[in-house]
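So, here come the structures, one by one.
Shared between the two complexes below is chain A, which has chain B as its partner in the first and chain C in the second.
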Partner chain A sequence: MAWPSTEPIVDIRDLSVHYGLRGGSLARLIGSDAGTVKAVDGINLTLRRGEVVGLVGESGSGKSTLGRALLGLAPATEGSIEFEGQDLADLSGRRLRALRRDIQMVFQDPSAALNPAMTVEEAVGDALRVHGMRSASERRTKVIDALERVGLSPVELFLEKYPRDLSGGQKQRVVLARAIITGPSVLVADEPISMLDMSVRAKILQLMLDLKQDLGLTYVYITHDLASAKFFCDRIAIMYLGRVVEIGPTEEIFANPRHPYTKALLRAIPDPDPGRQLPRDLPRGEVPDAASPPFGCAFHPRCNEATPICGWESRDLRALIEGHWTRRSAEEYAGERSIVGDLDHLDKPTTGATIGSAGSAETRVFLDRVRAEKPDEPIWGGIDAINDVGSGVRVQFREGVDPALRRAGEVQVACVLYPDEPTGVEAAESDRDRPPPPPEPVSAGINRRTVGLTVVGLIAALLPFVAFAGITREFVQNGVLTSYSRINVLGILGGVVAFGCGWALLTKGGGAERAPWWKAVGVVVALLGVLQFLHGSSLLVAVSPCQSERVDSTWCR
Partner chain B sequence: MRKVLRAMAKPFTDTTGTARWMLVAGIVITAIFVICAIFAPLLAPYGFAQASAEGVRFPKAGPPSGDHLFGTDRLFFDVFSRTIWGARTAIQVVLLSILICVVVGVPLGLVSGYYGGWFDRILLLVMDALFAFPSFLLAIVFSFLLTDILGGSVLAVALSLSAIYIPQYYRVVRNTTVSAKEATYVEAARAIGASDFVIMRRYLFQNVVQSVPVIGTLNAADAILTLAGLGFLGLGIQSTDAAEWGHDLNRALEDAGSGVWWTGLYPGLAIVLLVTGLTLVGEGLNETINPTLRVRRLLPVHMPAREER
Partner chain C sequence: MSIEMSNAMSLEMSREPVISARDVRVWYGTTRGAIRAVDGVSFDLAPGETLGLVGESGCGKSTLGRGLMGLLPKGAKRDGEVWFEGKDILSMRPKDSYRLRGSHLGMIFQEPLTRLNPLMRISDHFQESIKQHDPSLTKDEIKQRALDALRLMGIPPTRYRSYPHEFSGGMRQRLMIAMALVLKPSFVVADEPTTALDVLVEAQIVQILNDLRRNFNTSLLLITHNVGIVAEACDRVAVMYAGRIVEQGRVADVFENPQHPYTRELLRSTISLRTTGLNFIPGAPPDLVDPPDGCRFHPRCPEAMAVCATRNPVNIERPRGGRVECWLVGPEDEIPPGGKQRLKQEELTVADEA
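On to the complex of A and B.
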């Protein structure tokens, strides 16, 4: 394998992709959000030409979202992605589509990634067709070439086949052929082998390595399987809840894992050698809800090296108490339960948790009992104070630390156990890869689309009034109305357009920041649109009598 | 060529028992009417508005005889000929209206489902309102409006029938589009740089029109009834413009009291038969295309007998 050059090909800076959870349109109007999922949350990553970077993490850690963002398929909420010096966010839809020639994607499920109604030839050739290659015979030559490259031979046998006639491995080869046919330089492979049979996995990975060699590709390899990443990647980025928690050369990650999450993932790799029975445990517990991640270090509820400053909060207290109860008898549980009362309110994350319903003293005794059972839990160190309030106590947690990615030896780690250690050249390098620059001012959220929508909306809303003024003048001068119907149409059309613009402003305006200011503008434009629409259509009603004979004809000539 | 044949034979090969027989019976019945429609000038002994042959006037409301197989009606027309010509009118109207429905409903559903948003919501509202409206009433209103503009032509009736069926095509296509656009292959198409138009045309279209043939045939049956209903009310096509069963039934109403049964029976039978045929085809197709109804043909598995050693 050629050693990757140091020339950066893709540069991801502070990238965030947030998905708004759907509230009602009323909620959106008022501006109260139903919450956001930070699928990708401030990631910095530089791909060097010719290397293979692995993104590893459990389900929901944002791997796919990051990969899709590289193709502009997931819109960046913040930050930038530069490909060969071009920022993807600056590109228009058409230019972005043209750019997808250079960055391509391979999907997890090859059966789903192929249109069931297209033959192999059509499917692979369509990548050329959408980029303007009209001649079918030219396309055919290239398709044959690509299919040969991915090892589907004899090619003639496959050209006319539908995806349903192919095996999983063959389908994935077709997907690969479609991805390489446009001559890309970066390939995002989203779990390309996880849906395949064991027997073909290694072959597909080997094929991908060969393709990389022959075509000079750069890979982003997404997986939750560290074993294949070890075989395949030059560098590995471990992701957890939208962040990179550890990144570094593959050998170093495996030889010397630093982040507790990385260690847990490594322990979970099935050992092919049954003689060496290592403890195999996934990190305890579930991946938390991405819509309201834990305070401090997002990994702390599952971390077995956690410290008092890792961000303890009310939900951890609830988990602790409920864990305690699983080890009690039914009577003990009933007694303790009546002391502490309901715990549901602890689900609302806060650093000041109030519990207890049967008196402060009893609650303290109960907490001491829980503590005595597990005195080593770091959560106890994370408690600043316990104060009496009403019939219970208020547990005050200390403010947690959200560790940034910092250099530690050959890798970078986001964990309080590894404080910063910048030295010499590495310091400069780590500076580049370190997050947060000062937050951008709100005005940066005003983008071209917002301004365009406002201008178009206002013109659409006001133009009919202007036209109407001219006609009014005409009426005053001549005493005759001539062009009612034109105003109707203008008014109705203008109203609809203005309302559309207003609505778009209301829901999508203001760029990333969603400044309330633009909601106000949106409301005004939309209201003007409604007014204009009503005006136009009421004229329609007012005019229709003119069509009948009853009305004085001087009014309706 | 073989692919096309195989695709056409798919409904047969995929069905078993009742479903297959429904399909076959339906296709046979429908085919007979289609043949009548195409070869009406050859099959019918007289024209649909012909009251005399070789200078001899037909009898008024004459009973079935050698010259007039199904008898004649009070306008001196030959009932047999009118029944056959009626097939032509019915098939013309239905084909035209299905064509209009598909041309309007499918693209609307595709665009509305793909883009979503307020355009989708408004269109959905309009279509649901149309759909919720009593369809026959709607047909009456539209044919009133359209016959004013276009006269009592086939086109006018076909258009007013389309108006009541478009919402169904729209709805089905829109809903399938909404779910199909989430498929990975659509994302994959976007990833190779396809534009929205290309995605809709080359990726979604073929996958969302699957159920259109079923709606088409089922609606065709319904459309025959609606057409006859309109004719029965005296709306739509007039006797002298074309032969139309519903209209003939309307005129036969007065005959029934006076013992003239043949003017009503044959057009009525034609309607019943064609509607039955089309419904059978529709249901049969539905069974093959709709996977929730489909019962797969089970082929018995034969294990080779174990060899004695």
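On to the complex of A and C.
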């Protein structure tokens, strides 16, 4: 089926795609950090010409973001994507567009991916038009060829049709035709069959295999369905919360799954053969919040094989206690609840969690009861000490380990259960064990935000000098104007904005090193802001009232 | 036909069925004519039993589920009999069937977030639905019942006063199940309850549905397109094609030894971990305004015979229990001479594909 050569066609190095979260408007003004979502977090992957690489994981695992980053549709925060020697991550928009002739995408929902106002001919030919093919007749020839390749024949029947006239399978064929018409060498297929009816899924998959054979394509197949990945892919990367947790040849992954997450995914696939039902031990819970991932290994809260060093923390304690309460009667719950008190503060991740409100001894008894119910829970191994604090106890967790991707047999796996020493080339790659909590995202050099903050801050600080909007107060003594003050609303606003910008520069300006340089700029802008605020609200004027003769002096405006 | 069928069913189960549908039909009026979305469906469901309803999209699965609940849109007409606790739901006054829904007939929908009011706390959701059916209960009793239902679904009591957006997708679906079950209905329709969920969460929900029959003695009609879920969570399966149930029986019997070619092809086209070659069913389900004569599957059937294109197949008993309607199974004596010849079918192209 496949003939993957060793020649790399796409080489992804340490790729990260981080999205900054937007807090409230005040938080944004003063630049407080609303957090980052690490959609893709340090991924290394090499695509060899002619192979099918599967990216498998649940939603939120970053598999789609990684696919989109390959086309430059998601901006890389860090790292590089090399396609035939060019780094995609720092190409300009125009160069990137030219490159997309070689890397194309097939989307999940064919109904959403096709413009309802375009006929099949227009939709498929549009890619050519974008890439500069002017002649309509030339385009038509190519469109007909592409439609024939995806099996939409007789072509005349389909050329003038609109998406609404087509069935799901036919629409996906049109999307495929549109993707191959520019003659790409890499096709990123994001869940191409998951929206289709059972009866046509196999057909579209077969078509993709045929296209690969005929056109020598390389596929990135993104899916949550391990069954189709098993059939379709040469290599599989299992992703969880932005990281690759296991990667290797398909046969090996299925014959000998290593990472507990891979095992869980395999167990979760319902088997149509009623004779093969196994009692299943499913991971609990769901994919955690990517804005504040679990400490240590991101999968540990759901893992059946977790160890004491997987990164236990306060949120795990909350889940444990709440799980315990789902098995208690209402009276028992009420009693225990009054001992433990509110648990909401445990949502703030920390390795030292304080619980209890009715006394240390009672809280200890309660914890023992929880422990007695399920003594095998791995979290108990991750607790270093329980100390009395005030009316409760402080549970101290052991520092966790964030496992890096390491070689284990024919695959690479990121799990503390496979601590094999890395060898050779992998040593450099795998030397990335990060201590919990994970480090702040860093971006190299002076970033856009720093420049933006400086410019906005300076404008806000200086604008009120040349513009006025507010109230004038005149002080008259014996019919003579002695002094007057003006409350400049613009000045007050400008001062606040400038101070916010300055503060933001101070706390998060600059790039990787937080150069002192930017701190200085921040201080200046913030001070200008304060000055402007005072002046605008006429507090400065009150300190040094202007004499009537000098009312036209610039400073006093 | 329906009388024979109920005999066979009652023999098989020996318990009084909770719900028994007889020759149920649902039409949608359109400008092109009536769409016969459900066209003569009969089945029985014993207490605590789960029946899986599978088929491609457009086969009338969801319409059947809503038709049983009486939740059809305007412009739909239904016919037939659905016996529930000695009464026919379909011929009831709207007021009576309204009272039945919720407390006796429950429904679990596909996308939980669209079924929960974002401005109401979970506690309010429960209060509203419990009060509706049991106005005499006090607030504390309501809370007690709601918390019991939540606990069984693995949702801690600390989350009782949360809003829907504070829950994850799987939790929301568990909430929906808890809300459907809090009134202890004896019959529940679950319409694709796991389609919008992640693989692992889907498996968790299937396990919960699987436990329902043990914990609640609720009969469940599970509508899905995933034969794997049917195999995992159902006692019996009904395979639906173009508005009719073409084969039904115990899951193990039907899946191990499918009698109807559609069941077989549906199983073959499913991609599972043991897939070694790709199979698919050519063509698409027919237009239900004007379905094909004879067996509705004959244009796509790999084993169609001459008789299939002219005569409706007879609903007969499957060799190992259950019902099937396919001329390949019989009855032999009703096939006219020459009827067993291979049917010359029109070739199905991509133009006819689903």
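The working rule: the second predicted complex is superposed on the first by the 412 of 557 C-alpha atoms of A that agree within 3 Å, B and C clash if a C-alpha of one lies under 4 Å from a C-alpha of the other, contacts with A are read in each partner's own complex, and residues count from 1 in each chain.
The working rule: contacts are C-beta pairs under 8 Å (C-beta built on N, C-alpha and C of every residue); 3 or more make two chains touch, one makes a residue touch a chain.
Quantities reported herein were computed from a predicted structural model and do not represent experimental measurements.
Of the two partners chain B and chain C, more residues of chain A are touched by C.
By the touch criterion stated above, A:Ser92 is placed in contact with neither chain B nor chain C. Contact with chain B, but none with chain C, is seen for A:Asn115 once the two complexes are overlaid on the shared chain. In the overlay built on the shared chain, the residue A:Ser137 is in contact with neither chain B nor chain C.
When both complexes are overlaid on chain A, the residue A:Ile269 reaches chain C alone and has no touch with chain B. By the document's definition of touching, of the two partners only chain C reaches A:Gln206; chain B does not. When the two structures are aligned on the shared chain, A:Arg100 is found in touch with chain B, with no touch to chain C. In the superposed model, A:Gly323 lies in contact with chain C only, and not with chain B.
Contact with chain C, but none with chain B, is seen for A:Glu286 once the two complexes are overlaid on the shared chain.
Overlap of the chain B and chain C interfaces on chain A comprises no residues. Contact residues on chain C toward chain A in their complex (touch as defined above): 56-57, 144, 147-148, 150-151, 154-159, 168-171, 198-204, 206-207, 225-232, 251-252, 255-256, 265-267, 269-276, 278-281, 284, 349-351, 353-354. Against chain C, the residues of chain A that register as touching in their complex are 58-59, 151-154, 157-158, 167-170, 173, 197-203, 205-206, 224-228, 230-231, 254, 264-275, 277, 280, 282-284, 286-287, 302, 322-323, 325-327, 330, 333, 337, 343.
Within the complex formed with chain A, the chain B residues making contact are 118, 183-185, 187-195, 198, 202-203, 206-207. Interface of chain A with chain B (complex): residues 68, 71, 73, 93-94, 97-101, 104-105, 107-109, 112-118, 126-127, 130-131, 175, 178-179, 182, 500, 503.
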